[in-house]
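The letters A, B, C and D name the chains in turn, as written, and every chain counts its residues from 1.
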Amino acid sequence: MTEVTQSGAAWLSREEMDAARERLPILYVDAVPVRVDEQGVVTGVGLLLRIGEDGQVKRALVSGRVLYHERVRSALLRHLEKDLGPLALPRIPPAPQPFTIAEYFPTPGVTSFHDPRQHAVSLAYVVPVEGDCAPQQDALEFSWFSPDEVREATVLAELANGQSALLLQALAHLAV
Amino acid sequence: MTEVTQSGAAWLSREEMDAARERLPILYVDAVPVRVDEQGVVTGVGLLLRIGEDGQVKRALVSGRVLYHERVRSALLRHLEKDLGPLALPRIPPAPQPFTIAEYFPTPGVTSFHDPRQHAVSLAYVVPVEGDCAPQQDALEFSWFSPDEVREATVLAELANGQSALLLQALAHLAV
Amino acid sequence: MTEVTQSGAAWLSREEMDAARERLPILYVDAVPVRVDEQGVVTGVGLLLRIGEDGQVKRALVSGRVLYHERVRSALLRHLEKDLGPLALPRIPPAPQPFTIAEYFPTPGVTSFHDPRQHAVSLAYVVPVEGDCAPQQDALEFSWFSPDEVREATVLAELANGQSALLLQALAHLAV
Amino acid sequence: MTEVTQSGAAWLSREEMDAARERLPILYVDAVPVRVDEQGVVTGVGLLLRIGEDGQVKRALVSGRVLYHERVRSALLRHLEKDLGPLALPRIPPAPQPFTIAEYFPTPGVTSFHDPRQHAVSLAYVVPVEGDCAPQQDALEFSWFSPDEVREATVLAELANGQSALLLQALAHLAV
């Protein structure tokens, strides 16, 4: 029932994490996995299929918390490997500048993003993925969509917590 | 002895904040105040002079924590007004993309940035300031330097916690 | 019938410019004028109304060529003052990094952007405008739209050359 | 003695290109080749060794013109393959946003960048390179430097046209 940090030194029990979530903005990373051709043109965008806390099946970006004493780029790699498997070969961007930040508020309507559990601020990156992806743990499926497919209303509607807004921001940043 | 959030609902005692600082990365903003001419060319870079926790006088960027339920842009404005006074007229950037992030680790040497108190991840912005600046609270002085002056070794050496690295990153981003 | 550079030394006759347009990519700047509140939140997006070369009335961003021996930031200021008038008080961004580039091709369909006259590559910036705007020269009107209004299909359809795509990229970058 | 575009339709003789260079800003791309580890941390920065037009041996970034009807990302790939060979496997960034632009003026001192031949505006990108690099054509050598080595004064002094400033901007953007 506990989350343990990579450094091993510090950890938070579920109760302590719940308490922190009511008091502090929690730092996250969001990754938009993409397939690219040799000119860097995006040919595919990857989405996970998960069962949410409310039991509903939802699409999702790769997303997760940055741990104590963990670098942002290590957190990105950890969450990508955790969700897409050890053979995904994600290419973590060399520069730390995110293409945007997403501010998830527990109160709906403050921003486009909403997380009933917490106030989370997420650093968002586009990550080219070169290897074979296999959904891990609580993910049911991982699928590649063409840029045109992924912005269809039916796909966007399957994304939870306002992540459709973040996906559209990524597509705009990629100019696809 | 307590820090109270703007929303008023949640707050952390000094003891609770100290506990969180040992368990979670804390979200910060760093602002590099600049004077610009009508073409946007940077003519001045502003630095605070403070007495640090060790009693030493140090230069500093405008920097501070993002509170629970506070937007990043609100935190930027709050810290700029707190440090530079109510007449500073900072121009908060319209886009949320920071020019970089600075990862302050409690252990020296992991990155260029070091904060013995905590693991802090800071979103860094360049903020044009148009009004009159007057140091507030614990700041002794606020001074404008030309881009050439501010990158002199004597000035950089007065910045604490690796903020000289962040200042140089800002100057590189500004191409001055 | 000639365009004269600011430096005065070099200039291109209409015929020479037409010849260059068939041989070289031409460097442009695009500016998205915005109104912001004190926290930098975008409250308005400005669009020009022009009569296009085909005689049709069209909305447009502020856009124009970078001249020989002219800095990009000088070109931005020149085009903003030319289109919005001398009292517009545009705040040219201090950093030269554009939020995106738009590649206008003479052949439709290579990118989202199309310019039948030429291959133009435009550096795109969001520019807060603080003063009073009055349309100049060949512009019929300059109007502020709320972020929600400006992304309505009827407004987007009035933008020529694929500038609706650039406007949507700007809105995504601004997270509005 | 002629440069021919990829599209084959339009081309410029050496004389016509020389004429254009006296009249228009010419669009370039600059690439900073890097080696990265699996977390995206930069472990090496690549520089070419060339004989300049003045007969002096100089270090250089990968740099070149964007041709008529050529996409910026195609120009990046073309110049990287031309200078580093067909087995270099450059990873062209998926997003078109450059980390900065470099404005090379024929007059020294306008910006940090100087090109006696022309007014060039270059879109600058960091490009991870995964394969084997072999200098091609007029390059004598291609070498990897550690981030610490490459910022040594002796190495920076070997870069021509102010490219040392661009290299330092890239290192700042990469936070190494």
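One rule holds for everything that comes next: a residue touches a chain if its C-beta (ideal position, glycine included) is under 8 Å from a C-beta of that chain, and two chains touch if they have at least 3 such contacts.
Quantities reported herein were computed from a predicted structural model and do not represent experimental measurements.
S.K.: Looking at chain pairs A-C and A-D, which one is connected by more C-beta pairs in contact?
M.R.: By the number of C-beta pairs in contact, the winner is A-D.
S.K.: Copies chain B, chain C: same or different interface, half of numbers shared as the threshold?
M.R.: same
S.K.: What's the distance between the Cα centroids of chain A and chain D, rounded to whole Å?
M.R.: 33
S.K.: If I count partner chains per residue in chain C, which residues reach a count of at least 2?
M.R.: Correct list: 71, 95-97, 99-100, 111, 173, 175.
S.K.: Hey, how would you classify the chain contact layout here, line, ring, star, complete or other?
M.R.: Graph shape here is complete: every pair of chains touches.
S.K.: Sort out for me which residues of chain A touch chain C in the complex.
M.R.: Interface residues on the chain A side: 100, 111-112, 165, 168-169, 171-173, 175.
S.K.: Please name which positions on chain A make contact with chain D in the complex.
M.R.: Going through chain A, the ones touching chain D are 34, 36, 38-42, 71, 73-74, 76-77, 91-97, 99, 126, 128, 173-175.
S.K.: For chain D, which residues count as touching chain C in their complex?
M.R.: 10-12, 16, 20, 22-27, 66-72, 95-101, 103, 105-107, 110-111, 119, 121, 123
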